[in-house]
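Dropping the structures in below, format is structure tokens.
Shared between the two complexes below is subunit A, which pairs with subunit B and subunit C, respectively.
Right, the complex of A and B next:
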């Protein structure tokens, strides 16, 4: 187990380093920030000063050297846009995204497991077919479209929920509901398939022969064994949410890391892009460790 | 096994095409999904040549014309957009760009991904390690953001959009192909080919590739839906296809500002997107059964009882 964590840490670090190099040079190809941050009629000498101040006149390789040097000292640079440490800006946004992802994934996990288990237990029934249809729609719906249709119906027509921003509990309802759909559809399918396999196995038949009640049979005997493939999918989906739900955050004006990254790219705020990528990569790494841990708890064979 | 069942159920053999049609008929959802998809492909192929003029003609008296009114002619059945252009015609014409981007991206990523996967699976450790790390780097990057950065540097044209979307999907095919190759190459017929002195190229393309092709096609169908959604999302964010070119995603984005006064501008194109992706999902799950020789009999028997 320890060995595996070490191996994964090293290979993640290598991937991350490749990513940072790639993004560093790609993002600098998008253009000169001085064109965006100075007024249109700024003189050439003002632009020159701006570039000099932010070290944008050095050759790219020198800039990269400086960046890596600072990074090793724990300095992620400043945000051009907000004139604050890039890491602070990113962490603030990340807390929002983390809350959004945590709440959504908790709800998705509970709902998908309950509905998927029941659907598998009553395979072919009306409930099963309704669940399949629901998961099909969830998995194939374009989130931006569902989001704006939901805004029209619930915010504009019915006036129940706010259209965007944060502040009250009600602001969270629509973003969470939209984010809920796709992972719910995908995980539900996996739960159902995995439960079907487990329900056909010998130990479930034994339990049934012993007269174990249905609820206990589903949620204790079968579910634990059916969870392994489910956890993998939950991990993938949670990673996607941690990367920032760009579309949903943009539409609902949610100050998360996805919106921050899009804004940073459009504003050529290079340090923020890089810091955001590293923070989310770390979060995803930690989450993968948790998934491994969950595996080990559920399946004693993996613990060695 | 499946050949045997097919032979006993059907007295005279049908052509491959006929067999697939009856297998499709056995699963009604898949049948309607395929019909719908064929219609969309037909729109993409001949729609622009039929309706391009109508779709581009502005008619200020039909601005945001409501749907289900036939006064202005049948092309206004779904209403008009902000410049009075008929929505129905625009949706038909937009099918071409939407399909072209998705089909191009899927074709490109499956070609590159499967080739790299075959190399990684069949050749030794070193190439495999390098290729898998390359896949890791792509996978660890939020694909939408990669697309944003690249499209921001390059022109957001159809070609560049295809390349960007293809890059983000390569790891899927790469990993699947490699995993399947690792399993297939241990089988007897591959060893037999090796013993008989077949070259690596021949073994890979004539013996291994046909075995994993059905899996790849099934994934590609599902991925087509995913790529379509990604393209729509990019166009929606304003960094995908640029006007005057149109795609369904762009139409949703253009309709967004008229949500309160004319909901149909954003509603119809979105509905078509969801119908198409749902059809692709249904078709993909049918293919999983139909292309698997050990599962195929389920559909063949089902087809019989429905005849």
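Right, the complex of A and C next:
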């Protein structure tokens, strides 16, 4: 297991470095920031000064060398737009995204496991069919559309919830609800399927032959086995949220890392783009490690 | 009123399927007394396990439905009791063990936890459960009992897992133990040990034992009384000795006749030229030597059996010779040329001459292809063997040769029975007119009567077409009837190599002797002598 984690760390470092190369050069393809940052009527010498100041005149490879050198010292450079360290800008936004993702995924996990397990135990019942229908709708409805309809209904017509921004608890309700739907639908289906398989397995038969009671059969014998595939899907979905829920954050004016990245790309704020990608990549790496650990805790066969 | 420990009366169970109702058992009656071993013998689909599932309340309703009958235990009809009352009996008064102990243990809990659960599930305190678990694990002969309690099921061997399963079932000293194919997946020597353990435990506790099996040898070894089932009905009941020597029902007679190990032994032909010479073949996985320097020849038209227990490296030989895996050393000379150093292109030519038939035809036939596609695929790969316009006729000819009908060509594998599927796999192997066919446990998954038919087919092909076979098997009686020469393997080495007659009549090595002694004879009288001889060994 220690070996596995070590290997995972090394391969993640390699992919992080690949990511730096890719994003650095790709973002340079978007064009010259001076055209965006300076007024339209700026003179060529002003542009030249701007480029010189930010090192944009150096050959790309030299720029890249500087960047990597700074990176190794923990310096992500400054945001061109905000004139503050890019990392600070990103971390500020990332905290918002992290909170949003954590709250959403906690709710999704609890709801999907409870509803999915009951659906599996009462397979074919009205409850099961209703849950399947709901999860299908949740997993397939486009979130931008639901988000807009929700704003129209709950914010504009009923006036119960704020349309966008942050500040009160109420500001969180709509973004979390919208983000909840898709992973809830997906994970519920995986929980249900996985529980069905586990309930039909040979060790459940043994437990019944031993005289184990029903609730113990479900929550002690099957649930732990059924969780293994579920954890993988939870990880996938959490990773998607950590990347920043671009659409939902944009619609609700939520100052998360997804919105920050889109803004940074539009503004050619290279350092912020890179810093944002590195921070989310690191977060996803840490989350994958946690999933590996959860796997090892749940399944002794993986520990050896 | 009855004084039997357990009595099943006129039990009928049916299952609701897409094709309508299927009767699993029909009007089945049997009984069990204290201290007695009752064997229920049948092939797959005979319904031999259904009445036990009904006793244990393991039949899910729906799709199952108990349409008639009663199950009397302690003067009560179990079928009239509510679920809670039956749960309270399960594990405490009536316990059950199953065929595949790996999948019947919960993989994520320690075996100690699972044994203790039997005790705590019936309201005993945890401390008592721990002590009882330790005592049981010691009794069934697991080394380092304290340590074993904290290990997980996957950390034990198959035989140990079945011992632990027995320990778990016997935790509360039940009156009845139902054992459903308890030794089927085990090696012969381990099978003999597990059966002996069951026998001893029965003597100690006086419990009644119901043993469900397909193996006449197991019946001969332990049963006091025998019930033979076919297609959901009991066809014969009596003492194993009487039934073996004086079977009344045609099905029983067929089953007894099909038991292998009684035919005339073949004599190898020393004049035939060797076609495959394996020299010092090796395979290591890290520091583990799966095969450490194996040398043997296969002569033209000869059947060489490779026998050994699991982990002996017998299947590794097949995979290495066919280059399904790379070897770690040695040579395999096919008509003088080393197979192990050939380029993929050269190897592709040889593949036509050496074919393979695998154990499980359900897995080795692509379910999305018709029989015609499965068999003709070989010609699509080896373009020059047969022009496309002759494929249809040749497929039909091959199907006829393996005992199927030409009309079967357009069907899919799932429309066939296990034995028919193995015939399709054999037809596929024959498509390229090979000189050597490697059969890796090709008949082990089949019912005894089907097994006999497939062996007969292979024998006919051998005589008609002069094909040589490498016949990898763990089932010694089958080998005795089919092979010319035998290699006995253990831990990646050849223990003994000789003609089938020499190996079976005059084994030289102690391991071979032990292997033969552990085999079960279907004749109860012979088996009793054999058991006594083995225990004295």
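As a convention for this text, the second predicted complex is superposed on the first by the 292 of 304 C-alpha atoms of A that agree within 3 Å, B and C clash if a C-alpha of one lies under 4 Å from a C-alpha of the other, contacts with A are read in each partner's own complex, and residues count from 1 in each chain.
We adopt the following convention: a contact is a pair of C-beta atoms (placed from the backbone, for glycine too) under 8 Å apart; a residue touches a chain by one contact, two chains touch by 3 or more.
None of these values were measured; they are calculated from a predicted model.
Visitor: When the two structures are overlaid on chain A, which partner does A:107 contact: first (subunit B), second (subunit C), both, or neither?
Guide: Neither: A:107 stays clear of subunit B and subunit C.
Visitor: Based on the superposed arrangement, let me know which partner A:134 touches: subunit B (first), subunit C (second), both, or neither?
Guide: neither
Visitor: I'd like to know which partner A:225 touches here: subunit B for first, subunit C for second, both or neither.
Guide: Only subunit C; A:225 stays clear of subunit B.
Visitor: More residues of subunit A in touch with subunit C or with subunit B?
Guide: B
Visitor: Examine A:5 and indicate which partner it touches, taking first as subunit B and second as subunit C; both and neither are also allowed.
Guide: A:5 contacts neither subunit B nor subunit C.
Visitor: Now for A:18: first (subunit B), second (subunit C), both, or neither, which partner does it touch?
Guide: After superposition on chain A, A:18 lies in contact with subunit B alone.
Visitor: Residues of subunit A touching subunit B in their complex?
Guide: The touching residues are 11-12, 14-16, 18-19, 22-23, 26-27, 29-30, 136-137, 139-145, 148-149, 151-152, 156, 243-244, 246-247, 250, 258, 261-262, 265-266, 277, 280-281, 284.
Visitor: Touching subunit A in the complex: which residues of subunit B?
Guide: Per the stated touch rule, the residues are 133, 136-137, 140-142, 144-145, 148-150, 152-153, 225, 229, 232-233, 236-237, 249, 252-253, 256, 259-260, 263, 266-267, 270, 273-274, 277-278, 280-282.
Visitor: What residues of subunit C sit close enough to touch subunit A in their complex?
Guide: Listed in rising order, the residues of subunit C that touch subunit A are 56-58, 87-92, 95-96, 98, 100, 103-108, 110, 117-118, 121-122, 152, 154-155, 165, 168-169.
Visitor: Which part of subunit A faces subunit C closely enough to touch in the complex?
Guide: Of all residues in subunit A, those touching subunit C are 201-203, 205-213, 216, 221, 224-225, 298-301, 304.
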